Amino acid sequence: MAQQKSFLEKLGSADYRIIYAIMTILVALPLVYPIGVPQSIAPPVINYVETINKLKPHDLVLVSFSGYMTMLPDVAPIYIATWKMLMTKQVRVMIFMSHVDSPTVIRQEFAQLGWDTVYTEGTDYVIWPYMTMTESAEIAWTADIVHGFFTTDIRGISVDSIPMLQSIHDAHDIALYICESPEYCTRRYVLAGTPNYNVKLLVWGTATNVQPFVPPFYDPVKGPVYGYAGGASQGAMMEAYLFQTTHDLKYAGEGVKSNDAKNLGVIGLVVIVIIGNISYFGTRGKKEEK
Amino acid sequence: MFVSVWYYMYRVQHNQSLPKIRTIPATLAIEEGVGRSLEMGKPVHYTMGSDGAPLNSTGMGTTIASLAVLRFTTNLVAKYGVRLIMHLPSQGEAIPLIEGVIKEAFVEAGKPEAFQRGDMHYYGYLTAAFSPGVYESFKRDKVGLFIHAGSIITFEFPVLEAAKINDAIVIGGTPRWTATYIFAIACDHMFIGEELLAAGASLSENKFLISGLASEEWWKFVIVGLIVLGVILKAAGLDVAAIYTM
Amino acid sequence: MADMLFMFIQMVMVLATWSYLYRDNFFSKAAAEIVISVSTVYFFLSFYNSLWQQAIVPILDGTNLLNIIPIILGLLMFSRLFKGYGWVSSYSYAILLGLGTGATLTTMVQGSITTRISDTVTRPFAATLWQDQLGAWLTVFGVIFSLSYWLFTIEYKGYLAYSLKIGRLFLMCSIGMLYAEDVLWSQSLFTGAATIVVNFFKVALGIPI
Amino acid sequence: MSTRNFIRRDLPLILIVIAAVLQLGSRYIQDATLDAINKALGQWSSYITMMAWGLAVIYLFQGEWHTMQMKPGWEQKALFGVLVAFSLILVGGSIIYADWAHGQLGFRGDQVQWWYTAFYPAESRAFYGLMFLYLMSASYRMLRFRSLEATVLAVSGLLYVCESASIFTLYLDPYLTAIGEWLYNYPNNAATTAAVMVMACGSILISMRQLMGRERTAVEVAS
């Protein structure tokens, strides 16, 4: 016999489309009307920024850049803030592409930021072409950066005729490595790179990739990882910290905007979980009575 | 490690008894799922994930384990006469290997003609192409059993959810811990962590593989021993990190 | 104009994909088909382009003739398409599997086992605050209890059953946190996709983004 | 017969062992020749994986063609048409805009890139956006305090989510972040450590079997 569902039972078995609609509205609302939820800053992010601040002119910075287009909304705030910081440091930069999207994304980001007004390709920075690298190839490459793996840079110019590379030998020359953080990458570099070469590491990436793997290696004083930032929320923190410390408007970007959406989304999640549980406990009591 | 492996291999060669391997629930479910697909007249879908078959990296072990499960599944599928649809991973270099395993399983079951290359679907490099591709296949070809085992990234949650929406039995698992939760949420039966790697051995019923598993059990006790020893050494003031990572 | 077209295409792709939620339809399938073609053909072209520059040009100009070997091995993969010669392709992936084997044996013992053990046992002694010390000791026991989940030859009875129960709590805590992380990043992407749609309408209506 | 078995089964196994031993060797023995061989092997494996993309394209079209034949009707034909048309645009574009002087296809020019960036990132973000919605409905269904284990899962998940929202951290800090980080750094780390270690054990075992030539999954004799 069909029984009338009580209010609590209905609450516990709401159609999934209703949840979709509620969450969509909550997340999209702040994109139309920004609210400006205040921001807190985590210590690894502060250390990330401060490690870059300690760079001296002419230091060699190695960057492994994924620029995976799908994940850009989650990581772009960190990328952009990092490029902006590096542009003020007069360092030498070597960029290693770890995803097939990277060449496109990096050219777009550099064009937007005016990177080439500060640095010259070939003398101040080198971009390696994207190639699928096996672990053995990467180890060989750390031992001989110029000839270890690549024969040309991304423009197709031979490594022997790139001025910047002529003074670089192996990973000993690297002052800082800003490293992408899928698990294997960090593990590999912490193992292969640091004990042999003592390279300082900073880690950037999506929250999913950074959070589980990096904290065991993180120590702001001894390293090997001196700071890290993962995901849009830490990207927003980085922007906020840079803005607080430099009062430079150029550091205010997309991250702060998505912070609002994040907050409302989280509130939504908490509310639906609470509703689900109210229904569960309400109806469970009734079942037990029966 | 080598010593323990050799010890059990020695036992195998001299026909001595081996420890019994506990059954992994998800492996039993495969047979049940294939039977159900036969009753419903729906195909079995198998995938290792959109990025699921690395060969030349540390993910190789997972690939091999998943292939063992694939071989077992294909054997059952051939025996019952159910259609198998394989959704290939992005690694092109693994395609010949996967096809070889499927073909061989069909040959073993005595039905080499049942192999259809057209039922092997490729979707390219991007998970965002893989997931809708698999989703479409569920809608178009229907799905009775969906097995998703390999080194999987979490992006593939929608695929598992789609299989569930399409009324399939979902079996899956990965040794990659970060992706385990998607199976905890969406699967009917799952391989938790290393269970997938062990499943390959226990399914094969090959004595050598089982002996390997038995020797691996010892490693885990050694790990526990090393942890306890490490705590004692550290309390005694020794540099454990230097000793252990020599 | 080109920018507007670009934004329009992006918006259409987002909406076509989201139309899955309503029901199965031709637009969502066509969007999937487009992405599958990009996902394969675009990458095929760009990888072959790199291959040409990095491997074949050195053969042609005589600087690295040995590159001919991987090219031949790569071609052997295609033997899979010819009936009766499929086994030839095993030579190509044998090399890859060999390298995978080497990589596993060289990096995993240290990277995933000994470093992790030493990290676990040194933490309780490195911690200064009481909560960190408590946590670090909990980790030591947590690792041991969690390990008991993955025993395959021993029956769970007596103490081992308790160990398994406690170990499972640690595993559940971890699964909860990993789940939470994915909620966070997928939300970022959802926001990103919603931004595409919102921005298109803002531009179309002349509202500053 | 034995020669046939040797060529089909044993030789690939020997290749696996050789490649593995070379790589193992270069890790423990300092030798310039060994390093050079390994460097070459690393490069070769990259080239082989790149070559495999050709095979991948063949499988894509073969699979789609098969689907079209299995499901007659305008829709499947139109979808196959979309696939072919779009692929031709990409191939044609990259040839038309190629930089023949440097032997580069037209990927650095904006023209081909445009097709990629216009169609793909938006779709993929939208698709993962769906994942967010799926996860939300799954949370509603799953995150209920049914048992001790389920409660632990739900509470740790919720705490971690709340920790990333500044609206909670602003009022509940330092306690919220401290508890969240503590759970993350200790209990979660314990489970992750155990899982990673057993995964490593399993992978090492398979590699050892591979190295001893006992892993037969990878080698076939049929076909």
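In order of appearance the chains are A, B, C and D, and numbering begins at 1 in each one.
The rule we apply is simple: a contact is a pair of C-beta atoms (placed from the backbone, for glycine too) under 8 Å apart; a residue touches a chain by one contact, two chains touch by 3 or more.
Not measured: the values here are computed from a predicted model.
*Asks:* By number of C-beta pairs in contact, which two chains lead?
*Replies:* Counting C-beta pairs in contact for each chain pair, the top pair is C-D.
*Asks:* Relative to chain D, which chain has the most distant C-alpha mean position?
*Replies:* A
*Asks:* Of the chains present, which has its C-alpha mean closest to the combined C-alpha mean?
*Replies:* So the chain nearest the centre of the shown protein is C.
*Asks:* Let me have the rounded angstrom distance from the C-alpha centre of chain A over to the C-alpha centre of chain D, please.
*Replies:* It comes to 19 Å between the two C-alpha centres.
*Asks:* Report the inter-chain centroid distance for chain B and chain C in whole angstrom, where each centroid is the mean of the CA atoms.
*Replies:* 16
*Asks:* CA centre of chain C versus CA centre of chain D: separation in Å?
*Replies:* Roughly 4 Å separates the two chain centres.
*Asks:* Please compute the C-alpha centroid of chain A, do the same for chain B, then give the distance between them in whole Å.
*Replies:* The computed centroid separation for chain A versus chain B comes out at 30 Å.
*Asks:* Give me the residue numbers in chain D that touch at least two other chains, ranges are fine.
*Replies:* Only 23, 41-43, 45, 48-50, 52-56, 60, 103-104, 107, 116-117, 120-121, 123-125, 127-128, 130-133, 135-136, 139, 154, 158, 161, 164, 184-185, 189, 191-192, 195-199, 201, 203-204, 206-208, 210, 218, 220-221, 223 qualify.
*Asks:* If you look at chain C, which of its residues touch at least two other chains?
*Replies:* Residues 17, 20-21, 29, 31-32, 35-36, 38-40, 43, 46-47, 50, 53-54, 77, 80, 86-87, 90, 92-93, 96-97, 99-104, 107-113, 115-117, 119-120, 140, 143, 147, 149-150, 171, 174-176, 178-179, 181-184, 187, 189-190, 192-194 of chain C each touch two or more of the other chains.
*Asks:* Which residues of chain A are in contact with two or more other chains?
*Replies:* 20, 24, 70, 72-73, 100, 131-132, 134-136, 156, 207-208, 211-212, 216, 231, 233, 262, 269
*Asks:* Which stretch or stretches of chain D touch chain A in the complex?
*Replies:* 23, 26, 35, 38-39, 41-43, 45-46, 49-50, 102-104, 107-108, 113, 116-117, 120-121, 124-125, 128, 132-133, 136-137, 139-141, 143-146, 154, 158, 161-162, 164-170, 173, 177, 184-185, 189, 192
*Asks:* Flag every residue of chain D that touches chain C in the complex, lowest number first.
*Replies:* Listed in rising order, the residues of chain D that touch chain C are 8, 11-13, 15-24, 27, 40-45, 47-58, 60, 75, 78-79, 82-83, 86-87, 90-91, 94, 103-105, 107, 112, 114-133, 135-136, 139, 148-150, 152-161, 164, 178, 182-201, 203-204, 206-208, 210-211, 218-221, 223.
*Asks:* Which positions of chain C touch chain D when the two form their complex?
*Replies:* 6, 9-11, 13-18, 20-21, 26, 29-55, 57, 66-67, 69-71, 73-75, 77-78, 80-81, 83-84, 86-87, 90-106, 108-109, 111-113, 116-117, 119-120, 131, 135-136, 138-143, 145-147, 149-150, 167-177, 179-184, 186-187, 189-190, 192-194, 196
*Asks:* For a test of understanding, state which residues of chain C touch chain B in their complex under the given definition.
*Replies:* Those residues of chain C that touch chain B are 17, 20, 24, 28-29, 31-32, 35-36, 38-40, 43, 77, 79-80, 86-87, 89-90, 92-93, 96-97, 99-101, 103-104, 107-110, 113-115, 117-122, 124-125, 140, 143-144, 147, 149-155, 171, 174-176, 178-179, 182.
*Asks:* Along chain B, where are the residues that touch chain D in the complex?
*Replies:* Listed in rising order, the residues are 1-2, 5, 56, 58, 60-62, 64-65, 67-68, 71, 88, 90-93, 95-97, 100-101, 103-104, 107-108, 112, 116-124, 126-128, 131-132, 140-141, 155, 157-158, 161, 175-177, 180, 185-186, 193-194, 197-198, 200, 208-209, 212-213, 215-216, 219-220, 223.
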